[in-house]
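What follows is a group of structures, each given as structure tokens.
After this come two complexes, each holding subunit A, first together with subunit B and then together with subunit C.
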Partner chain A sequence: MQSKARYLAGKIIELLLTLLVVSWLVFAAFSIIPGDTARVMLGPNASEAQVELLREEMGLNRPLLSRYGSWLLGLITFNPGTSYAYNVGVGELMAQRLPVTIGMSVIAMIMVILVSYPLAIISARKPGKLGDQICSVIGHILFAIPPYVASLLLILLAGSVFSLATVGNYVKPSEDFFGYVGCLLLPSFAIALPKIAMSFKFLRSSIIEQRTSDYVRTSKSHGLSDMKILIRHVLPNSNVSSITIISIILSDILGGSLIVEQVFNLPGLGRLLLSAISRRDFPLLSGIVFYLAFITVLLYFISDIAASLADPRIRLK
Partner chain B sequence: MSRSRKTNPTAYRSPEASAFYTVGFILLGIVIAAFLVSLFWTPYAPDATDAASKLMAPCASHPFGTDNFGRDVLSRIMAASKYTIFISVAGVFFALLLGIISGIPAGYYGGITDRAVMLLGNSIMCFPGILLALVAVAVFGASVTNVIFALGLVFAPTFARVCRTGTMEIKELDYITHARVMGVGPVRLMTSHIFPNLIPQLLPATVIGLANMTLFESGMSYLGLGVQPPDASFGKMLADAQAYITVAPWLIVFPALMLIFYILGLYFISEGLRVTLAKGAKR
Partner chain C sequence: MTRHIHIVKVHHLTLSFPTRKDPNPKPVLDDVDFGIRDGEILGLIGNSGSGKTMTSLAIAGLLPEAASISSGQIKFAGEDLLAMTPKQRRAMLGKDIGMIFQEPSTALDPLMTVGKHLDEVLTAHMESPVSPEDRHKKIVEMLETVGFTDADEISSRYPHQLSGGQRQRVLIAGAALLKPRLLICDEPTSSLDTVTTVSILALLKELCHKFRMTILFISHDLSAVRGFCDRVMVMRDGKIVDKDTTSDILNNPKNSFTAELLTNARLDTHILGLKPAAVDYSKSPVLKAENISAGYGKSLFDFSKRKRSAEKPDDYILHDVSLEIFPDEILGLIGGSGSGKTTLIRSILGLLSHTGTVNIKSSSIGVIFQDPVSCLNPAHTIKWHMFEALKASRKAGAIKSSLTGAARKAEDLKLITAMLEKCGLGAEHLMRRPNELSGGQRQRVAIAMCHIQEPALIIADEPFSSLDASSSAELLKLMTDINRERHTSFLLITHNIHIVRQVCPRVIVMNDGRICEEGLTSEVLNAPQSECTFALLEAERLIHG
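Here is the complex of A and B:
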């Protein structure tokens, strides 16, 4: 019990420290921007007095530390300032776009699990045989296709072979939930493909490793069927390592969705991010970047805790 | 590594590894050949427009077809391979440099140095995908140099980890203790006793790094935040081709294939290296 509490406390301290460093990195990146932000926003025709006024309004004249303090406070209280370009709260803008990004990530993750588990189990049954080798080669190829290239190829395939035209029609979940899921299927599949390959590879080698261990041989000699050994013993043990892999995959999926949204013309966080970049909208940009990193840090934290619950030996390392 | 090669020639004859190497080097060779030839000759000038031959399907005079400005796709692909190769090599070199000078001391000294380096590295790794590189380019402007520095920074923690773990293992070995007793200083220990023995571990990481960096670079170029026009890059070519996806699929297929060949070739070589090194370690 004590080791559990100590492990948790250590992990929480690590989480907070990481978040602190992440906030430094984001803030530093936006504080060393070359050029005068107020001048950039108003354009070259604005008078010096106007620029000065805006600078004062945005707090650019205050010392760096006080700016960092109020910026961080805003982030923690989920009130991260107002976007220059949209003149709307950053939180509100992000909340509008979140359904697309989160929806795509969830659907992609479900696809990864649904496809990679059965394939890995089948492949690992007879490692080195033809089926296994075919799966592995396809896995390598899928792994090498960037998600946005996969999207383009899928659009090409869907358009010319199946004559489907689902690209670019976003349906809000509040209007038609199935339409919403439907329009996210193809982009989610494009993001999921390389991750299916990744998850397959890790699961397969983890299952093969477990199957050659002593306890499996013992169970077999006790007369348990292969299926029972797999479900009761091998899979739970492989799950421990796959918890860590899943958190990495989720973070990659989140990053991949940023680009794929652009291909499918979906109004998600990625589009918002790009528009913030092109308009040099730094409050919006720093908000998106920080919260996306925040989600990832949280994912890693949860996966560490989950792995330690599944395998108490991790806590002793 | 060189010792095990002499004493253990069979380690290099694993059929699995040689299959990976063969396919990997063929795929990579196609891209590198395109790059090398493009330095001296391309069928047409990569950015020469021709109003008379817009969106031509692949034919004898334009084997890979032409784009919406009548530019020859083959010539543009050849020119684009230059940026793909250059950015991935330069970026990985920069990342390796950062990773080595932070990872080896972190593993060697341990304690607070280790914690500080790992905390910084983990924090950088918390930005999903290309987010951090996009921010860096957003702040400093899109150019080839900035893309290299940004991606180098993003990939540095991966190499730092490899160096740190490797150093922690190696520093416990007898020959390091022996060298230390002989009066070898920490800097010399790290540079000429530990670093050379990290190379077998760094090699596959470097090859995978090249592939992953290409994934990121082409994604950034696709978004218009990487290689800037009129210079050709695979990502930008694919972005421009998207508008013509139904009328001119060759604009998508050929750049995509070249990109995949490069990345897949590197992955296969790294798999081969992994098999070879694992076999070498077993013996």
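Here is the complex of A and C:
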């Protein structure tokens, strides 16, 4: 029990240190980038005095460390400044857009797991046989299609061939939850496709490896059926290594959703990010970048904890 | 339950691995015909690849999918096994036929506690539901039977928290839990040290009497069946070449192959021509290690712990170990598992941080490790491995060559081929990859890779433990030849005291990270002064007689 608590404490310290470093990097990056925010906001015709006044007002003349301190404090309280472009709090802006991006990522992840696990199990049953080969070929093709191409193809299929009307219309979850899920299904599928292939390939080789291990032979000699061996021994053991891969896939999906939002015209974080970039909206931009990094680091943290729960050997280290 | 004279009867069994390319390959089992009498312990002996394991898997119904039985019959208690469905046969395992395998370290699921492993056996064969409390009671009872005093605690442990011997006991508990009539033991002791082997064999014998079980005991070590098996069968190339009572096989072999196996197992120095070099102890030592202490478990970032362990040498595995190896000497290093032998050589090689000093009077040390399978890179040919070794020694400046370019390459290739031939391999092995060689051949490659660097000292860490008696004998001969002809010293780590007795003039006995005895082999082994040497010898005597 003590080793478990110590492991957890160590991991939390690691998480906090990583986040601190991330915040330095993000802040440093936006301090180094050339371009005067005040000048951009006021336009080329404003006088030097006006620009200087605005700088003073926005606190851009304060020393770097003090600006970093107040920015960090803002991050912790989920209020890292006000967007120049929208004149709304960054936290509030992100909270409006988050349901789209998170919802899409969650649905895509569920799709990845629901599809890749059964396929991998079927494929690993008889490696090298016809079923396995068909699965592998489909996997390779899916893997080669980038999400934005898949999006276009899916829009074409859904819109023109099957005349589904949901494409491009976003429904808020508070209004109609099923409508919300429905409008996110297609974009999620576009993101999930290559990840399904990736997860399938990984799981397949992991299951094949576990199936030939010595403890599976022991379980056979104990008289367990193949099904029981698969569920009780093979899958749990391949999950230990899959957890890390799945966390990588999940952070990939998050990145993928930023792009797919553009194609499907969904009001998610990706579009907010893009508009922040084009308008040099630094408070908004640094907030989004930091929180995305935060989510990614958090995912890895969770996957480490999950791996330690799944494998007693990790706790003991 | 009717009792038959033969619990298992194998009738003219022929088995092969046909492929599309080769529909009629050489059979792996060729007309195998034998019976296992009810209640006996039958030994099945032979070199690796002779078909012992395939025979046992055929009885258990766990043959690889590619295997095909072309003729024959297997009967278990009068029932035809080959006529049953795979499902019926699987249901017999654990209930009627129990099995134990060679490598206890990987034979248990790392994510499952001991108790859950055993519980699975019970639930898989349960006809009517049994309450978890009753199952737990049965499991604890069985764990106590196999020799655990703290059975309740053991059942909640994970496999990595157990020693090799304990894991094998857990596996025996699993196999014997439902008191099967036949227990198949496939090399159950070959990866255990001598002391543990003796206790495991004693346990199997006890269970055999207690549960009235029949045992099929598979081993490549002919001497291991002494005092354990009632009858012994000898297999060679998929055929049974000899079967007799144990005493007749061991003392009065009628078959020439059995006699050869016996010679190899006994390591008869005259017949095999094992002639180590004479050692001059007045010369200065090749390697001198003084007051070495070392331990594990310090990660790079764990500063606090490192400081503490420096103050508290209790954390150390090695305590103040000093040793000298003289030119031409084959120094034996023996001790039970966990006595610190491997930690010692890791320290000597500089692979582990340690206190104390190591002085080496040579530009290079060669090392041969225990497991020849994982020591060679599976992606590369033997030629590549040899060139790597040569390159490494050039870098270290051990071997100089004036030639350059193609001439040098041709010269190197000649050198490599000559070296392989000296080590009992040929030019035809150059382009092979490690998985196309046998275990003995792989160890030869390891020796050739060491030898090409012309080291003054080769450290061999349990080089025989994964080899059968014939390969071991050949490897040992090669080592003594190199020792005699090239004046290479060896540090030979082994749990086989018999080998030490035959080739090592001096021996060191380790226990619990300390040297508990050292001296001339004849004195140490004939008149042991310390308790741990005595325990090792006693175990040796029980097994090998």
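Simple rule for what comes next: the second predicted complex is superposed on the first by the 311 of 317 C-alpha atoms of A that agree within 3 Å, B and C clash if a C-alpha of one lies under 4 Å from a C-alpha of the other, contacts with A are read in each partner's own complex, and residues count from 1 in each chain.
Simple rule for what comes next: contacts are C-beta pairs under 8 Å (C-beta built on N, C-alpha and C of every residue); 3 or more make two chains touch, one makes a residue touch a chain.
Small disclaimer: the values here were computed from a predicted structure and weren't measured.
Novice: Once the two complexes are aligned on chain A, which partner has more residues of subunit A within touching range, subunit B or subunit C?
Specialist: After superposition, B is the partner touching more of subunit A.
Novice: Scan A:255 for contacts with subunit B and subunit C and give back first, second, both or neither.
Specialist: first
Novice: In the superposed arrangement, does A:50 touch subunit B (first), subunit C (second), both or neither?
Specialist: In the superposed model, A:50 contacts neither subunit B nor subunit C.
Novice: After lining up the shared chain so the two structures overlap, which partner does A:79 touch, if you call subunit B first and subunit C second: first, second, both or neither?
Specialist: neither
Novice: Considering only touches as defined above, state whether A:313 meets subunit B (first), subunit C (second), both or neither.
Specialist: Second partner only, subunit C.
Novice: Looking at A:66, would you say it contacts subunit B, subunit C, both, or neither? Reply first, second, both or neither.
Specialist: In the superposed model, A:66 contacts neither subunit B nor subunit C.
Novice: Taking the superposition on A as described, I'd like to know which of subunit B and subunit C A:292 touches: first, second, both or neither.
Specialist: So A:292 only meets subunit B here.
Novice: Quick check on my understanding: which residues of subunit A belong to both its subunit B contact set and its subunit C contact set?
Specialist: none
Novice: For subunit C, which residues are in contact with subunit A within the complex?
Specialist: By the definition above, subunit C touches subunit A via 60, 62, 87, 90-95, 98-99, 101, 103, 106-112, 120-121, 124-125, 158, 160, 171, 174-175.
Novice: Touching residues of subunit A toward subunit C in the complex: what are they?
Specialist: Interface residues on the subunit A side: 213-215, 217-225, 228, 232-233, 236-237, 240, 310-313, 316.
Novice: Within their complex, state which residues of subunit B touch subunit A.
Specialist: Per the stated touch rule, the residues are 119-120, 122-124, 126-132, 134-136, 138-140, 211, 215, 218-219, 222-223, 225, 238, 241-242, 245-246, 249, 252-253, 256, 259-260, 263-264, 267-268, 271.
Novice: Which of the residues in subunit A end up touching subunit B in this complex?
Specialist: Touch list, subunit A to subunit B: 17-18, 21-22, 25-26, 29-30, 32-34, 140-141, 143-146, 148-149, 152-153, 155-156, 159-160, 251-252, 254-256, 258-259, 262-263, 273-274, 276-277, 280, 285, 289, 292-293, 295-297, 300.
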